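By written order: A, B, C and D. Residues from 1 in each chain.
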Amino acid sequence: MAKSRFEYVRTYEQDTMLLPNTYIVIRLDGRGFHRFSASYGFEKPNDKRALGLMNAAAKQVMKQLPDVAGAYGQSDEYSFVLSRQCRLFDRREAKLVSTFASTFTAQYQFLWPEYFPATPLDRNMLPSFDARAVLYPSLREVRDYFSWRQADCHINNLYNTCFWTLVLRGGLSEHDAEQALMGTNSGDKNEVLFSRFGINYNNEDIMFRKGTVLIRDVGADTAADLGEPQQDKSKRQAEREEKKKRKAEIAELHVDVIGDEFWTDAGRWIS
Amino acid sequence: MAKSRFEYVRTYEQDTMLLPNTYIVIRLDGRGFHRFSASYGFEKPNDKRALGLMNAAAKQVMKQLPDVAGAYGQSDEYSFVLSRQCRLFDRREAKLVSTFASTFTAQYQFLWPEYFPATPLDRNMLPSFDARAVLYPSLREVRDYFSWRQADCHINNLYNTCFWTLVLRGGLSEHDAEQALMGTNSGDKNEVLFSRFGINYNNEDIMFRKGTVLIRDVGADTAADLGEPQQDKSKRQAEREEKKKRKAEIAELHVDVIGDEFWTDAGRWIS
Amino acid sequence: MAKSRFEYVRTYEQDTMLLPNTYIVIRLDGRGFHRFSASYGFEKPNDKRALGLMNAAAKQVMKQLPDVAGAYGQSDEYSFVLSRQCRLFDRREAKLVSTFASTFTAQYQFLWPEYFPATPLDRNMLPSFDARAVLYPSLREVRDYFSWRQADCHINNLYNTCFWTLVLRGGLSEHDAEQALMGTNSGDKNEVLFSRFGINYNNEDIMFRKGTVLIRDVGADTAADLGEPQQDKSKRQAEREEKKKRKAEIAELHVDVIGDEFWTDAGRWIS
Amino acid sequence: MAKSRFEYVRTYEQDTMLLPNTYIVIRLDGRGFHRFSASYGFEKPNDKRALGLMNAAAKQVMKQLPDVAGAYGQSDEYSFVLSRQCRLFDRREAKLVSTFASTFTAQYQFLWPEYFPATPLDRNMLPSFDARAVLYPSLREVRDYFSWRQADCHINNLYNTCFWTLVLRGGLSEHDAEQALMGTNSGDKNEVLFSRFGINYNNEDIMFRKGTVLIRDVGADTAADLGEPQQDKSKRQAEREEKKKRKAEIAELHVDVIGDEFWTDAGRWIS
């Protein structure tokens, strides 16, 4: 088609391409979810419906975007791992982060009524998510990334469980609860829960304590194929693999990802 | 809070900050809207409801994000201009593009039933948008950017109007219509419309021909203030200005942005 | 020529292009010049030969690279300003900074014997410089950049002049001189110099106090031409201009760049 | 020290940090070496002195910058590989490429008289080099990078050997030699050399055919230590290692790097 003399403004576009052959982690975070969760009356310290909705939206994202090998979610955040060989959008950073943010948002909002049937969304308080992409050259770092987020989940959830128990069952003001927990370590917090409220933290819902792992269960054979360098594959092979990935079940796990066990057969879901 | 030994993976995060004191244009594009529009039966060559929905969603984005000075939309794309002084999210690129994509998506989906009351969204065909950020050092380039998009709107719309008129009223197959238009210039296309179908292209809906401009009408006095370097302003001043921007009306215009007229009082809406 | 199967490693190359239509400042810094200057017995607080050598090398850089409009140097650093229209190396950042660092180094080393005839360079202590590129969207910022470096020159030189006068003429140890100056302001330092040593700081060599400005004196007519957008010029025009720039005299100035005077006719040397 | 109000211009500086835990390859290229080599009468197709000078300069760079594990050079280019763990200059790209370009230039110029004692450098034709940095996430790619450059060396050198033999011994004009070689493959070129001039290409100087590899010979024990993640090392350990690297011999090899043999004990020099 004809081009205008204004076309030159395109030369100012600068695409950042993410380094080839590195794992891409895309982490989404709820924007202003403190206010958002208060506005819709999320239960404290954890709202099972809200977490279920996050997980359901993330699963839909994985179905739409078969390059995602696995994901980890907790609270109002979700991290998606793309395999080293991923060539989605030519690995353009802006396109990747905006598409993930948009797709997740659409799913979250669409699924909302299933999880909060009695609470319609308000136009001035719609859910939104920002996203960032981080590159990891080796599986070791991807593993440590998952561990980092799960350790974060544990630390926050133990704190929040104590805090809200002190407030909701102990009758403390939020300010007093904060003071009471200042300077305490994990052991102290477990002790507060147990001795004052008879709560064994380890019996709390494992989804609250460990967060949620989603993995695409492609089966051992396919996994081995996926691991081969993309450049050595025919177009047909690539298409066949994508089809398999689209059809693969997405498993939802609430497990420890810090120890070795989860990773010993990591080859099954990530390459 | 306590930090885990996995914290080191954070050092792999690399934030791209957009150069200070340059205009930021964030352009959103519908993902797979060819298929999307077919799936929901959008009218050809233009669907007034669909364009109205784009405009309504864009207006909401401008209400949520007062740093946007103006916007231009056509077809399934929308471009938002942020003022040079904008410091939103410390000008982090990933945060900006993902937030715009997410916020626009949420609004588009929320407003959908108002514009397509008879056609509920399907979970396997939700709307999504990608986004990119482009920097322009001077107002001249911002103006040329708007002109570029409007020239693009004109070229595409003239073509599409011809094409669909040949198909829908002329009875040509899509393939034959394509052949008929191959190699034609603007004059030829106007002639086809006029001589064969009695259509004067210039009488077509101006929104189809020119696209849509949204500007935040802050009033002349405030505009002058906004133009001053951000760093010279007190926090209080900045807050007062943000309030004014939030309350300002957003005007929807269907005008020529290539000629001088629109820009002579550009100071009113952009700085 | 034939290509090998290893060619794919090129796809990992990522060129950063500097945003068009912005001023580029490339600042070079001597690497380890504290040790370097000690090793070759530079005079303290300023060595006129060393500064002369820096200026001479910078002039040669400007002769080799006609895209440089002007430069500012002090101590072991030099900043080169490239015009907004500059297209050198397609504005690739790595190519620009490496070429400036290499060219300056070559000139500095080549000219060394002229300035230090009695002190040949030692192979284990050769001069080297690192470089960075910074973008500025407007002339205001380029001006403030020059002011920033000159203010830095002033602050450091006043301190160093005091420090070394206390040591060399006052007989203080370096440690005692440092202690004596701790917490003093400009006025105090002027007073120390004047009352104890009869030195009026303002009579010190103006090159020490103000640093050195180099500008390419292209004449008013050419300057006006240079200011026009590059894209509007014929290839022939561009070549004629480059020739003029290559032949233009490079003026060496030791003047105040913080006040308005130097910039009122800035159009003469920068566009 | 006191800060001026111009300090804000620093906020425009944007440092690109190279992704951690990836190999960094820094490739230097002679600027305008076609003209440079003609100007100083380099022998065709290869000048042993010129290549010797490149190698000597590269060795000095490795001595100055102990983070370099190995290097590969041919013609007027040299590539330096930094280990994954390298933290030199916080992995800032501009600082790395400019420092390598500057250091190499200084050494090249300093060593010039040893290799070209009869031909002093001319101030209008000083050597200079640009540089770029490329990241590789795995050793496989580093290996393929070396192979790529060596395949390039082979292709160019076979061509140049034919070309210059046709010109210098066959009496062809440069234009006719070019025509004669157009469309020929490796076999053809070997045949031209052998049948017309009795030259067996494989007997040509191996440095011309294979280029030059430089590796830091740290010994097997140290190599194992170097391979450990940097973050797990004490500062003392790191210093000890750096000392070892500085003292290590740098071996100059002219060997095939495409086959497996060179890489089987790669652990000895790269980690």
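Things to note:
Operating definition for what follows: contacts are C-beta pairs under 8 Å (C-beta built on N, C-alpha and C of every residue); 3 or more make two chains touch, one makes a residue touch a chain.
Chain by chain, the UniProt names read as follows: A, B, C, D = Thg1 C terminal domain-containing protein.
Owing to the predicted nature of the structure, the values given are computational and were not obtained by experimental measurement.
The chains touching chain C as well as chain D are A, B. Residues touching across the chain A and chain D pair largely coincide in numbering: over half of the numbers involved belong to both copies. Comparing chain pairs A-B and B-D by the number of C-beta pairs in contact, the larger count belongs to A-B.
The most distant chain from chain A is C, comparing centres defined as mean Cα coordinates. These two copies of the sequence, chain A and chain C, are related by a rotation of 180 degrees on CA atoms, to the nearest 5. Taking the options A-C, C-D or A-D in turn, the interface that duplicates B-C in more than half of its contact pairs by residue number is A-D.
For the pair chain B and chain D, the distance between mean C-alpha positions equals 49 Å. Chain D has its Cα centroid 43 Å from the Cα centroid of chain A.
Centroids built from CA atoms put chain B at 30 Å from chain A.
Among the residues of chain B, those touching two or more other chains are numbered 8, 12, 14, 19-21, 135, 141.
In the complex of the two chains, the chain B residues touching chain D come out as 8, 11-12, 14, 17, 19-21, 231.
By the touch rule above, chain A contacts chain B in their complex via residues 1-2, 4, 6-10, 12-16, 28, 31, 60, 89, 93-95, 97-107, 109-111, 121, 123, 126-136, 141, 144-145, 147-148, 151-152, 155-156, 159, 185-186. On chain A, the positions that touch chain D within their shared complex are 19-22, 84, 135, 137-138, 141.
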